[in-house]
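These notes concern the structure reproduced below.
A, B, C and D are the chain letters, set down in written order, and residue numbers restart from 1 in every chain.
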Amino acid sequence: MAYQELKRACYEANLELNALGLVIYTFGNVSAVDRDRGVFAIKPSGVDYDALRPEDIVIVDFDNQIVEGNLRPSSDTKTHAWLYRNWEEIGGIAHTHATYSVAWAQAQMDIPIMGTTHADHLTEDVPCAAPMRDELIQGNYEHNTGIQITDCFAERGLDYREVPMVLLGNHGPFTWGDSATKAVYHSRVLEEVARMAYLARQINPAAPRLKEALIRKHYERKHGRNAYYGQ
Amino acid sequence: MAYQELKRACYEANLELNALGLVIYTFGNVSAVDRDRGVFAIKPSGVDYDALRPEDIVIVDFDNQIVEGNLRPSSDTKTHAWLYRNWEEIGGIAHTHATYSVAWAQAQMDIPIMGTTHADHLTEDVPCAAPMRDELIQGNYEHNTGIQITDCFAERGLDYREVPMVLLGNHGPFTWGDSATKAVYHSRVLEEVARMAYLARQINPAAPRLKEALIRKHYERKHGRNAYYGQ
Amino acid sequence: MAYQELKRACYEANLELNALGLVIYTFGNVSAVDRDRGVFAIKPSGVDYDALRPEDIVIVDFDNQIVEGNLRPSSDTKTHAWLYRNWEEIGGIAHTHATYSVAWAQAQMDIPIMGTTHADHLTEDVPCAAPMRDELIQGNYEHNTGIQITDCFAERGLDYREVPMVLLGNHGPFTWGDSATKAVYHSRVLEEVARMAYLARQINPAAPRLKEALIRKHYERKHGRNAYYGQ
Amino acid sequence: MAYQELKRACYEANLELNALGLVIYTFGNVSAVDRDRGVFAIKPSGVDYDALRPEDIVIVDFDNQIVEGNLRPSSDTKTHAWLYRNWEEIGGIAHTHATYSVAWAQAQMDIPIMGTTHADHLTEDVPCAAPMRDELIQGNYEHNTGIQITDCFAERGLDYREVPMVLLGNHGPFTWGDSATKAVYHSRVLEEVARMAYLARQINPAAPRLKEALIRKHYERKHGRNAYYGQ
């Protein structure tokens, strides 16, 4: 019965990923962390969303050891573990192969901040981390994927609390947030922002980034000290 | 029990916005006005459409004072108030972040009138108001957003009774009409017109605007003194 | 009770148009003809598909006189009448503002025959009739729309029995067939063919038209004297 | 009662094709083979998916002779027979006119391997076989279509066990796998990969193919001797 609540939260967030149309088949996974116990719950590898049950969720610690569960955890588990270990305020992580997000990743380009929909959630372009060097791919791949993400943020001086999403070049998006639900929310927002930026650039290849005053205004309406959006 | 009918009209128009796929999460809002009482009903800020109840709708006057309601009104309330105050024949206003409409706004381009679908509803390109000057953004932002819209119409000599929609540069669309339902209708039509113009220009970048005779014919079939469309 | 069967066929084909996602609101209409009685059934003007009832369908003769019905017929009725009068083997006609079909019409371009999906249905590019001359628009517009279509076919030497669809420049598609159901089928096929040709040209602007041997083979598998497709 | 299980497997895979949105009307077919008996089950020609019943499925041998069934088999039956005869480890075959897959076929271009979604399933670009020579089209067309596919694989040195999909130039995709269900799965994956590559190239026409180390890593995570994806 241990971890029942954590498994349920992880289970529901995984179903939400599917219900939002962000994944086909088993192309994605969500995890939810319990900081007090030093473990996280994650989707089992290769299990269809339709067949997934709360008790199938696997509990893993930050050293990638299975704490509870009969199934093999997601093949991306080590990436989640690295992010939880390094970014201490994250409560949940989502990974998808959502179409427009992946398209930008395959284009190896940051998603430029083009409008207020983007600025309502973050003040930066969505970073696209470069594909890894060959020796890192051939080594501990999923662990190194986590390092690739945190290195990208370190090099660019980005704060994971303010930029809750990244594209892995040629792969796809990882998003996070206070909870698994919030991580899924950021996957959905990212997909929409990716689609809007794609279309805007198709209409007008010279369309500029959003001006700084609008970036600040929209972000602070929702996130700043004097935020006045929501209840 | 006061304002019950007004709240109900506003509530249903907000649900319609969601049912038509024009919004995700809380990215939009609809209001409905009662001219006799000098108030309008508007969606509360940041409340999910799935959770929204008629009694959650907030009643506000044209000076942005809450007349009735326990929740904070939409963060865009001042824009609605300004438009109601200045454009006296409007009955309802809708704001969305619908994908193709936003894409044109992010491209900072008017949507050219390319076909009869567009001319069935308006005879002009859909205007895209320029992003605001920084001091207006940093000031009373949502109020100034309203001014930006009415200034755009004044400068271009447009009549809000004939052009029931506008794009805010880098932000997204506002639409209006005799009622909240009609405002939502115009949001849906705008999204379709935005998509058609996008595709037409992708197919043929040199495709011309619709000829004047067809613009007049189609608009007057539906809206002119001798309209013969509908019952 | 007269015309009950004809109205039912027309009603169901109109609902199918909506169910297939080819129209929003009231942006389309289907008619079904009874050659023996010299009348056709057509959707009433501006009535929502959700509210439409079989008894609302209007019966009109080829001189555009209402034979039975309490509602005003579709504003495009005269176009239907002209086509029925001139093309004697047509059993039904459909008109939509479906997105990709309209996009090609707004681009004022024929849809090139690019693949076997197209050739399974017709051996020619989908013709895009030029927008009408101003005096024809300002005159008996819907009647002249019909003439514009038949003139286009005459000038190009096309046979309406082999090319069951046309685009009106800057407006949208008309399709037809042995029955109202078949006319709707052709609207759906046209929309798919329009989308495939759009995408193929975006991927490879130099992509050639389908070679003649494949055009003939695929058309004749389904339509020739020795057709062997279907039961 | 013979072949009941085989017909059921074929029937369900055909319905899945439809449920996944990969076909409209009758534009596709799936077959399932029974190697021990030297026959395969295939969809009857031109029957709507909504009307299809398990007992409608036709049983055919590798010489295209009907073994059981009252309906005419798919017009593409000879293509299936050729592939089963030549590629001895295939358990099922699917053919669709899915939109993005067809668009690349109409563009007459291989789908470049641009990301890990692609590499999770195959290590090569999706091959686009050239349209056939005229005498092959005018001859035993569907049989020759099979030859066109196996010749394409032979010329390029591709192994059908590692590349479970092909585009026929100007026509559309054929996919296969251990079972009919797996063939349909590959049709769905192909459509997604086709869409992602299309969008990536629209965003960045110079976007490179996926680097070799990532191709190998992702393919071997799922398919190699040391695969660790799934349960």
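Note that a contact is a pair of C-beta atoms (placed from the backbone, for glycine too) under 8 Å apart; a residue touches a chain by one contact, two chains touch by 3 or more.
Just so it is clear, the model here is predicted, and its values are computed rather than measured.
Asks: Where each step is a move between two chains that touch, what is the least number of such steps from chain A to chain C?
Replies: When the steps are counted carefully, the minimum from chain A to chain C is 2.
Asks: Please decide if copies chain A and chain B contact each other with the same set of residue positions, more than half shared, or with different positions, and reply same or different.
Replies: different
Asks: Return the chain whose centre of C-alpha atoms lies at maximal distance from the corresponding centre of chain A.
Replies: Result for the farthest chain: C.
Asks: In whole angstrom, how far does the Cα centroid of chain B sit from the Cα centroid of chain D?
Replies: About 46 Å, centre to centre.
Asks: Distance from the CA centroid of chain B to that of chain C, rounded to the nearest Å?
Replies: Roughly 33 Å separates the two chain centres.
Asks: Identify all positions of chain A at which a residue touches two or more other chains, and write them in rising order.
Replies: 202
Asks: If every chain is a node and every touching pair an edge, decide which shape results: line, ring, star, complete or other.
Replies: If you draw each chain as a dot and join those that touch, you get a single closed ring.
Asks: Provide the full list of chain pairs in touch.
Replies: A-B, A-D, B-C, C-D
Asks: Flag every residue of chain B that touches chain C in the complex, lowest number first.
Replies: 114-117, 185, 188-189, 192, 195-197, 199-200, 202-204, 207-208, 210-211, 213-214, 217, 221, 228-231
Asks: Which chain A residues qualify as touching chain D in the complex?
Replies: 24-25, 27, 44-47, 71-72, 75, 97, 99-100, 102-109, 131-132, 134, 137-138, 141, 170-172, 198, 201-202
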